[in-house]
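Got a structure for you, questions after.
Labels run A, B, C, D and E following the written order; every chain starts at residue 1.
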C-alpha cells in the first residue's frame, strides 16, 4: 500500500467546514448598500436587519438540516401558520403562557414529524409528502383560526419586542438555535449521520444506520424550529393568521441554497445558511429604504438571488463541471 | 471446528430472474470459504442476503446453530458480520474516519446517544492505528473525501473498515478487484492474519484463482444461481474449479 | 350558519317567494372581508328560509370557473360571485348565462366587457372611495402630513385603488414619503415599520390597508416611543382587537369596511331582483358609510356578529 | 461470457413504459366520487373536468420533461402570469392576433430559456435559479400589467370556450401537446438523452452528450408549454392578471410526482403525469360539488395527495427500500 | 508504424495533489500500450485527460502529429477515441442498447437531428450483432436496466460499447476487474482481434501482469504520478515491471 503515501493532501475542506462564496457577496452587498443609502449602514438599521433575520434564520436552520439529509419540508410556511393559530387561540382563551408555548412547539414538531413518519414508514418521496402537507396544514390553520387573522394583544410583547442586556430577545433565540444546530451538525453523531444520509442513503443503510428513524428524527428536530419560529413571528407581529407563514418555505430554501447547502443532500453548513438569510433580509431592507415599488423589489430580489448563485459558482472557479463531472 | 453461519437452501428471485436457486453451506470459525462463479452467477446476491440487505426468497440462515433473520444490515453487524460490498458502499462526502466509524462513532458522554459529541481526534487516531495494525497505510485519514480518492484507495478503506469491525464473519466481494499487485498481496496476507488472530470465519468472492488459493480453505462454486460444487481447496485444482465455473466440468456429489 | 335575525333591516322579498338555493362563490381562500360579507348574505338567506351552497376558489380563476360550473350542475337558482379577479368575470357570467342561471356580481366592478344585461345585478365595493376618505381625514386632521403607506398585496388592483384614492383625497396638504407592499401581512408590516421609521423621522401618519397590519405597526410605534407623534390609521377594521383599538382611539381613524352590511345590502337587492321586486340593479357601496361616529357597531364584523 | 445467458429476463419494464399506481387510484377515486355525489359522474361534469385539465395538463408536460432531466422550473406560475400580461397588453393594444399569440409563446420560451441559459452556462443549481426567477418574473408581470388584472374582452373567446367537432378546443390543445411530448420522450433521440441526463449527468457527459445544451433545450421546450398554457388560461378566463398563474408550479409538480415522475430525475412518463393531473382536478371537482368549505377542501386535497403517494408505494410492493437500497 | 496519439509531458494537479508529474509517450496504430502502476499512481487521471474529461494542467496531446485540445469527451469521440472508464460511466436507468447507442442513436429521418425518431429495433439488433461480432454475448439486450445487472455484466456492456465505436484509439481502465476467468480471456482475445482487424491503437490499464502480457506491446509504468519507465513487453519480465511499480527497481533511461 506504499503508493498511497503522499497522494492525499494533509488538510482538505470537508463538508463540515465549507464556507460559501455567499459570505463575500454579503459583505460586498453590505458595503455597496451602505454607499447607496445613507441609512442602510446605520447601527440602528443594521440592528433592525439582525432582528428581522430571527424568524427566517430559525426556520432556515431546520431547512438546512433537512436538505443536508436529502429531505425537504415544503410545508413550513403552512406549519408556521398552524403554530400561530394554535398558540394564538390558546393565548386568547387565557391558557397559561407556558402551556401555550409548549403547545406551539409541539404543533410544529407534530406537523413536521407527521411528514417524517410518512416518509420513514412508507418511503414516499419527501417532496410529494410535504406538498400534500402544505395544502392540508393550510386548511387546518384556517379551521383552527376560524379563517381569520387574530390579535394576541399584549401577550408575548416582552419577548417579541424586548431586549435582554440590550440584545433583542428574538435575536437571542436565533443565536441559541443556530449554535445548537451548529453543534448538532458539526459535533454530534446525529450530525454525522445526517451528512452520511444525504451523501448516500444506500451506504448509510449498509453501514447499519437506522436511516428511516434518522429521517423521522430530522423532521422532528426541524419541527422544533418551526414551532419556535412561529411563536417568535407572532410575538413580533402581535397577531397571528392562518396564512401568516406563507412564503417562508421558499425563503428558507433560498437562504439555505444560497448559503451553499446542496439541494441533493450531503453538503451544507448552518453558518452558510445564516449568511444566505442575512443576504435575503439585507436586500429587502435596502429596497425598502430606497422605497422601491413592490414590482421592482421583486425583480431586483429575484435577480440578486440568481446573481449570488452565479457568483458563488464563478468564485469557486469550478463551474460544477469539474465539481460533479470530473 | 464449529459452524458460525449456516446457509440452508437459500434462493432469491428478482421478479422473473432467479439469481439464486438453492445454496447451502456452512462457515466455521478460523476458516475461509471462497465463493466463485461466472459473472451473474449470484455471488453478490448471496452477499446481500448474508448481510441483511434483503431477505432470501426461500431458505434461511443459522447463527451458531440457531435460526436467524436479518432485517437489516444492523442485525448482521450485531451478529458480528461485516462485509466489503462489490460497489464498496462508502459515503462519498465523508472522509476515511467518517466512513470507518459510521454509526459506531466514538462519542462522549456516551449516554447522550445520537447527541453525544463525536471525538474526531480519537477516531482519526484509532482509524489510523487499526489501519496500520492491518498493515494497510492510508495517509490523510481525516482529510480527503472518499469521492476524491482513486478506485484502489477507496477499496482499501472499505476493506480496512470491515476487517476492523468483523467479530465473527468477514465477507469480501471481490476485494482485490481494483488493487495493485502489492496491495492485493497485502490484503491477502492481512486476511490470513485476521483469520488466525481473531478466529473468525471468512467468505471471499474472487475471480482470481491465485487469490482463492492464497486464502481459501473451501471453495463454493456457483453457476447461474445453482450450487455447482463445494470443495476443499486441498482436494482440487484451479483448472478443475475453472471447469466447474464454466460448466465444462460437472460434479454430482455435494459436500 | 346564521340563525339570528336580529339584523336591523328586513329582507325585502324573503317572505313570499318559494325557498331558493343560492350558490355563494368566494374568490379568495381566507380573508376577513369576504367572510364578513358572506355572513351578511347568509343572514339574509336564512331569514328568508333560503338555502345556500358555499365554495371557495382560492385566488385561482380556473377554480372559480369550476365553482360556477358546479353550481350550474347542482341546479342552483342563482349565483352570488365574489371574484378573485375583480376586473372581469366575463367567462363566469357567460357560463351562467348559457345555463340560464342568474348571476349577481358581488365585490366586482363588472368591467367594460360584461354587459349589464347579462347580470342579475352587481354591488361594487368602492376601494378608491375608501382611499379618498382616508386621504381626506389626513388632510383634515394631520397638518403637513408625511405618510408612510403599508399596503395590501399588489396585483389584484385593490391595493392600487386604495393608494390612488388616498393620494387624491389628501391632495396637496400632505405627501406620501414611503409606500411599501406589506401583502396584508401583519408581520411584514411590523418589520417594514421597524426598519423604515428610523430612516424617515418626518413620518407622522402611517396608513395601513387592514387592522391586523395597523395593530402590529402600533406595537412597533409604541416600542420606538413615537406614539405621540405618529398616527396609525387603517382602511378596514374587522377583527375584535381592531374594533377595540378603534373605539379606544388607538386607531384614530378607520375608513370603515361595513362588510357585513354590504353583504346584507347586496343579497337583499339580489333577492329582490330575482323575485321581481324592486331594487337598484347596480349598487355602489360608497363613501356614505365612512363615518366612524355614525356607525358605532353596525358595520363591524366582530366575533359576535359572525355567529 | 456464457454465464450471462438467461440471466436477463426477456422483457422488463423500462422507464419508458412505467404505468404509475396513480392510475388505479384515479379509477377508484372516480368510482367512489360518482357514488358519493350524484352530479359527479354526469357527462357534463366529466366534460368539465377534462376541460379543466387542459391548462394544468399542458404545464405538467413541461414540468415532467424537466423533472425527468433532473431539472426543475419553480417559476412556471410567475411565467404563466407574465405570458398573460404580455399577450393581454398586446391584445388590448389591438395588435394582430397571430402576433399576440406568438409573443405569448415567445415570452414563455424566453422566460424558461433564460433559466436554462443560467443553468447551462453557469452550472447553477436549477432550483435556486428558478426560485430567483419566480420572484423576478412576478415583479415583471406586475410591471407589464400595471399591477392589476385586466379583461381581454372577446378576444380568444372562440378558442377558450369553443369546440371543434364537439371537442373543446382547449382539450384539443392538451391532446396535441401531450401527444407531442409522448413522442418526444418515448421516440426521439432528444427524449432518450433527457432520460440519460436525469439518470446520470456524468455518464451522459462522458458519452458525449452535450449536457448543457440539452438542459437549455429542455427549458426552452418546457417554455413552449408555459406560453401555450398561459394563452389557454387567458382564453378560458377572458382575464389576465399578474398573479393569475400563482400556484400552478406546485400543482404541476404534484401531478408529475403523483404520476410516478422521480423528483431526482431519470424516471417518469407523460401518461403518468396526465393521470396525476386528472386526479388533482377530479378531487377539486368533487369537493366543489359537495360544497365543502375552502379550509376542508385544503385538508382533504392535501391528505389525498399524500395517500395517493402512499398507495402507489404500497401497491408497487416495494416500499423503496428494495427499489433504491437493494 | 505511425503514432496516432502522442502525449507530451502531461501533468495534472487536483489542488495540492499532483496526480501526474509529467508523462510522455506515443501510441501507434496496431499496437497496445499497457499502463501499470500502484493504486493512486495517476492512471485513471491519465485516462480522463485522454478522453477530454478535463484538460491537463500542463503539457499537451498530439493527434496524427497535430497538437489537439479536447474540450469534452465529444471531441475525443470525434477523434476516434473511446474509453471504458474505471467506474464504467453507464447510465443506470437505460438498457443495454440505450447505453450502447447513447448520443449515436440510429434515427429516421436523420435530418431531424435531436428530434429524429429512434429506431429501437434496429439499434437492439445492431447492438446484438456487434456484441456477437466481438464474441461477447449479452442476452436481453433491450430489456433490463443497467442498474439491475451484476458488476461483471455492466463491465461487459461498457467494453462492448467502447470496442464497437473505437475508430482510432481504444482505452480501457481496468477492463477485467469485475470479470470472471472466462470473460476476461474473451475480452483479451477480442482486444487482440480488434487491434489486428481495425489497426487501432489501444491503451489498457491493468493490475494483472498476465493480462498485460497477453495484450501489450509496450508497458508504461507510473509511480506516484511520475513516469517510472516505458518498456517493450518483449524486453522485460513481469517481476521487473512489478519491481518498477513498487519502487524496488529503478530505470533511468526513458524509451
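Following the convention adopted for this analysis, a contact is a pair of C-beta atoms (placed from the backbone, for glycine too) under 8 Å apart; a residue touches a chain by one contact, two chains touch by 3 or more.
This structure is a prediction, so every number in the text was calculated from the model and none was measured.
For the touching copies chain A and chain D, the fraction of interface residue numbers used by both exceeds half; the interface is of the same-residue type.
Ranked by distance of CA centroids from chain E, the top chain is C. Once the centre of each chain is set as its mean CA position, chain A and chain C turn out to be 35 Å apart.
Spacing of chain A relative to chain D, judged by their CA centroids, is 28 angstrom. Centres computed as Cα averages put chain D at a distance of 42 Å from chain E. Centroids of chain B and chain C (each the mean of its C-alpha atoms) stand 72 Å apart. Touching two or more other chains at once are residues 29-30, 154 of chain C. For chain D, residues that reach two or more other chains under the stated contact definition are 1-9, 12, 142, 147, 202, 205, 294, 297-298, 325. Along chain E, residues 37-41, 53, 148-150, 153, 156, 180, 182-183, 245-246 each make contact with two or more other chains. Chain D makes touch with chain C in their complex at residues 39, 42, 44-45, 48, 52, 55-56, 141-142, 147-151, 153-154, 160-161, 233, 236-239, 241-244, 246-247, 284-285, 288-289, 291-294, 297-298.
On the chain E side of its complex with chain B, the touching residues are 14, 37-41, 44, 86-87, 148-153, 155-156, 174, 177-184, 207-209, 242, 245-246.
Against chain D, the residues of chain A that register as touching in their complex are 118, 122-125, 127-129, 131-140, 142-143, 147, 201-202, 205, 250, 253-254, 257-258, 262-264, 294-306, 309-310, 313-314, 319-321, 323-325. By the touch rule above, chain C contacts chain A in their complex via residues 29-32, 35, 151, 154, 177-181, 185-187, 189-192, 194-196, 198-199, 212, 215-216, 219-220, 223, 238-242, 306. The part of chain A that touches chain B in the complex is made up of residues 1-12, 14-15, 183-184, 187-193, 195-196, 198-200, 202-210, 217, 266-267.
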